[in-house]
Amino acid sequence: MAPDVPLVVPQVNGDHLAMVRAQPSFAATGGFIVTNANCSTTGLVIALRPLLDAFTVDAVAVTTLQAISGAGYPGVASLDILDNVIPFISGEEEKMETEYAKILAARDARSGALAPPAFRVSAACHRVHVRDGHTLAVTVALRARPGGAEPTPAAAAAALAAWAPADARVSRLPSAPAAWLELRAEPNRPQPRLDRDAGGGYTTVIGRVRADAVHTVKMAVHSHNTIMGAAGSSVLNAELAAVMGLLKQRGE
Amino acid sequence: MAPDVPLVVPQVNGDHLAMVRAQPSFAATGGFIVTNANCSTTGLVIALRPLLDAFTVDAVAVTTLQAISGAGYPGVASLDILDNVIPFISGEEEKMETEYAKILAARDARSGALAPPAFRVSAACHRVHVRDGHTLAVTVALRARPGGAEPTPAAAAAALAAWAPADARVSRLPSAPAAWLELRAEPNRPQPRLDRDAGGGYTTVIGRVRADAVHTVKMAVHSHNTIMGAAGSSVLNAELAAVMGLLKQRGE
Amino acid sequence: MAPDVPLVVPQVNGDHLAMVRAQPSFAATGGFIVTNANCSTTGLVIALRPLLDAFTVDAVAVTTLQAISGAGYPGVASLDILDNVIPFISGEEEKMETEYAKILAARDARSGALAPPAFRVSAACHRVHVRDGHTLAVTVALRARPGGAEPTPAAAAAALAAWAPADARVSRLPSAPAAWLELRAEPNRPQPRLDRDAGGGYTTVIGRVRADAVHTVKMAVHSHNTIMGAAGSSVLNAELAAVMGLLKQRGE
Amino acid sequence: MAPDVPLVVPQVNGDHLAMVRAQPSFAATGGFIVTNANCSTTGLVIALRPLLDAFTVDAVAVTTLQAISGAGYPGVASLDILDNVIPFISGEEEKMETEYAKILAARDARSGALAPPAFRVSAACHRVHVRDGHTLAVTVALRARPGGAEPTPAAAAAALAAWAPADARVSRLPSAPAAWLELRAEPNRPQPRLDRDAGGGYTTVIGRVRADAVHTVKMAVHSHNTIMGAAGSSVLNAELAAVMGLLKQRGE
């Protein structure tokens, strides 16, 4: 969370990578630091990006059902999770309630300043008996932008379905999947076992986009925690850094 | 949901049982119909009752992580739930978003009229790989009542900890547990496997009462779905009906 | 089990396919019936074939730990298998104790008569909480053949490792895996989750070939029950039938 | 396994406790060492004792399906056992293939010498996705004793059902269950989730006593690994030591 270290989910805020040019080491040696987001934050910001591009977001509440692989190995003891849910993951809610603001901040291309979004995120995190793949129950309070479309569930689903990263180079990265987002129409998807391998783990699968009785829209989001939510994000960040000319060639 | 059929979670709205006197069969034969609530609704209204007694509730959002026994037997196929989460239970969200209003309605003792509460509930329901015990992630938007305490997390926890049913007879029913509510201070409770047998399955266990970044307070609620959420509720309803003199004796 | 219907695990007794020529329908219409074996039997006979080719087999005892997918869909209720073992699968032990004899029978190429092997198989079958992949604990009483090698664990492992089907065409079938058998040296393999996808589910993985205190050799055998043990076996049988010229072309 | 340290499963070889009188510390201070058996061995010897009392045992083969709690806490990583079987538990087979001989040894009451039984045990051990309770698939080669009954499955079942420890004091110990052995007639019992709490975890549950195609009789045995197979055994040993006058009173 250091100010000059970008926190990058490449399809969401790939432009933040340029922040590394301000790191002291960049000029000196070409070295720089980029971090990728917490695995749960990753799925959340990927699902919020299209909504933020189309509507005004006023608030977000997310409940996670997270896979055991998120805790590493040996990680979660089998005696703790067999026939059980653990409604707590140390530090996870704090990360989800802060990282989104840095990732979804608008970056001024000239000054490089980040303007975080105005809305807040409330997170409740759970460990469940699933090997890989985090499921997020997300509700979003939305408003139409001046002159913009009403944020109906159909309009939100359309925004999600039509979305692509602003920087088209991101979608042509070697590890980029055919689709960054996949919308499922079935009432009972996404499910970790059925959807975690979509796009080799790089595709975030969203379903059940529907009206919310308290906020505006709710949806189920699935993200592969060890691919898009971890190593895959790092791979894409490196690929994007190369495309953006941030990597010094050997011998340069 | 028929107007003259009470929907009763005994410790929450036991007074609604009196509604059966208005059922045509009651005068004619002494027979009457009482229903108990959906298993997920049960845990929710038990946790909301103390908050509603102490504060003004403006909105509620709940995400459920429900046990397989809620689907009966054979119910959920093992191939569907092993290493998986199913983010959908047919009809469940609709029940949770309507039943609470009837159960938490204030009943005018004279007219018998029910005045439902003003707030709305948003529900997102999931099936998880747990045998018994529903976990609910609940967030509540609260306001102080005129002249009342501020709804801080500590005040909400105190309201939950101090709560007892208005009608003291409910707590003396033969099947009543030592405590209707149990507050856990550990960061990682309640958990189905550790807490589902509290009070023989009749005690609702609540933990993690904490500030919510969007609403006011959030908490983790655990309720045993086949005991307090099903058969046990029916047993308590029958016991309370006896105490209230609603049961005709054999030969009367 | 009809006498003129071959029970074929292609890499084990592909030559039995020729039996279909004796079926009345074959001459009349070109139609014929081939069956593949029970999923547990399949893994067993694949592991026994190399031992039977190298030594005299006197007795076999097998205990199975079978995946839930073996029961089809919806199949095993999640309430029955979560946190449990079921030491019984209806009809399974009977199949394992009879089918092997037909599959491992030597077929006289001229008369077509089947001579079943002399040894008996004892089976104890269990359902365990695994999605796909049957694990078999196999113990075998072996004797050296006249002039043959002693059936030490090392010799048994070597026989397994070196084995290939007598009919080399079987290993060139379109769906044939790179290896029919894979021997693992680690003390804790094979495991369903790690080994079921070997060879796309067509490779049987064997480990822990070691001395047996009562019989001669014991080993752990893993076979993918829905691929090599079911649909895959059928596919291979069809491919082999084509190679053997048993399939009438459209219009013939 | 030290020669003067008894390895005691109280209902099986409680008389071995007397061996502690030969330990140097016993005379000096009253202190002595007793060990209880490996959790898997415990279930096995409890099931073999009645057969050994009624018939001549020639050989035993056992395959185990062991619960995760046998590995302690944190023990088995959830990533290792979810949707999996591990066909190996370090040192377990070796213990099962040696400890039975010491426990089932006949003790000469005068000399104190132990005469181990003549048969061998072959063990294959597996970890399965069960919280508590070890399931054992046991096959036994039996012969009638001179003048004794034929070891039919019915006779074996009768021997198991009628069995009680030779020393009646064992069955009156404070922690002794109503029955040391429970025979189930259903085809699909015992099961860990249904049978592990029999007798508070002190009752060994046996089912499926049936003919074995290779040996004589096979059966399914269930023993609670953390109660009868561990702490409970120690408690019973202490209680029996008290009854046998082996415990020095405070101040003696």
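To keep things simple, chains are lettered A, B, C and D as they appear, and every chain counts its residues starting from 1.
Simple rule for what comes next: a residue touches a chain if its C-beta (ideal position, glycine included) is under 8 Å from a C-beta of that chain, and two chains touch if they have at least 3 such contacts.
Only a predicted model underlies this, so the values are computations on that prediction, with no experimental measurement involved.
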Inset, instruction - Determine, using the mean of C-alpha atoms as each chain's centre, which chain is farthest from chain A. - result: D
Inset, instruction - Pick out whichever of the two, B-C or B-D, is joined by more C-beta pairs in contact. - result: B-C
Legend entry - Distance from the mean Cα position of chain B to that of chain A, given in whole angstrom: 35
Inset, instruction - Find the geometric centre of each of chain B and chain D from their Cα atoms only, then give the gap between the two centres in Å, rounded to an integer. - result: 47
Legend entry - For chain B paired with chain C, centre-to-centre distance based on mean C-alpha positions, whole Å: 54
Legend entry - For chain D, residues that touch 2 or more chains besides their own: 82-83, 129, 131
Legend entry - Pairwise touch network: line, ring, star, complete, or other: complete
Legend entry - chain D-touching residues of chain C, taken from the complex the two chains share: 59-61, 63, 65, 82-88, 90, 97, 120-124, 126, 128-131, 135, 137, 139, 141, 187-194, 207-208, 212-215, 218, 220
Inset, instruction - Using the touch definition up top, name the residues of chain A that touch chain C in the complex. - result: 82-83
Inset, instruction - In the complex, go through chain A and note every residue touching chain D. - result: 68-69, 73-83, 129, 131
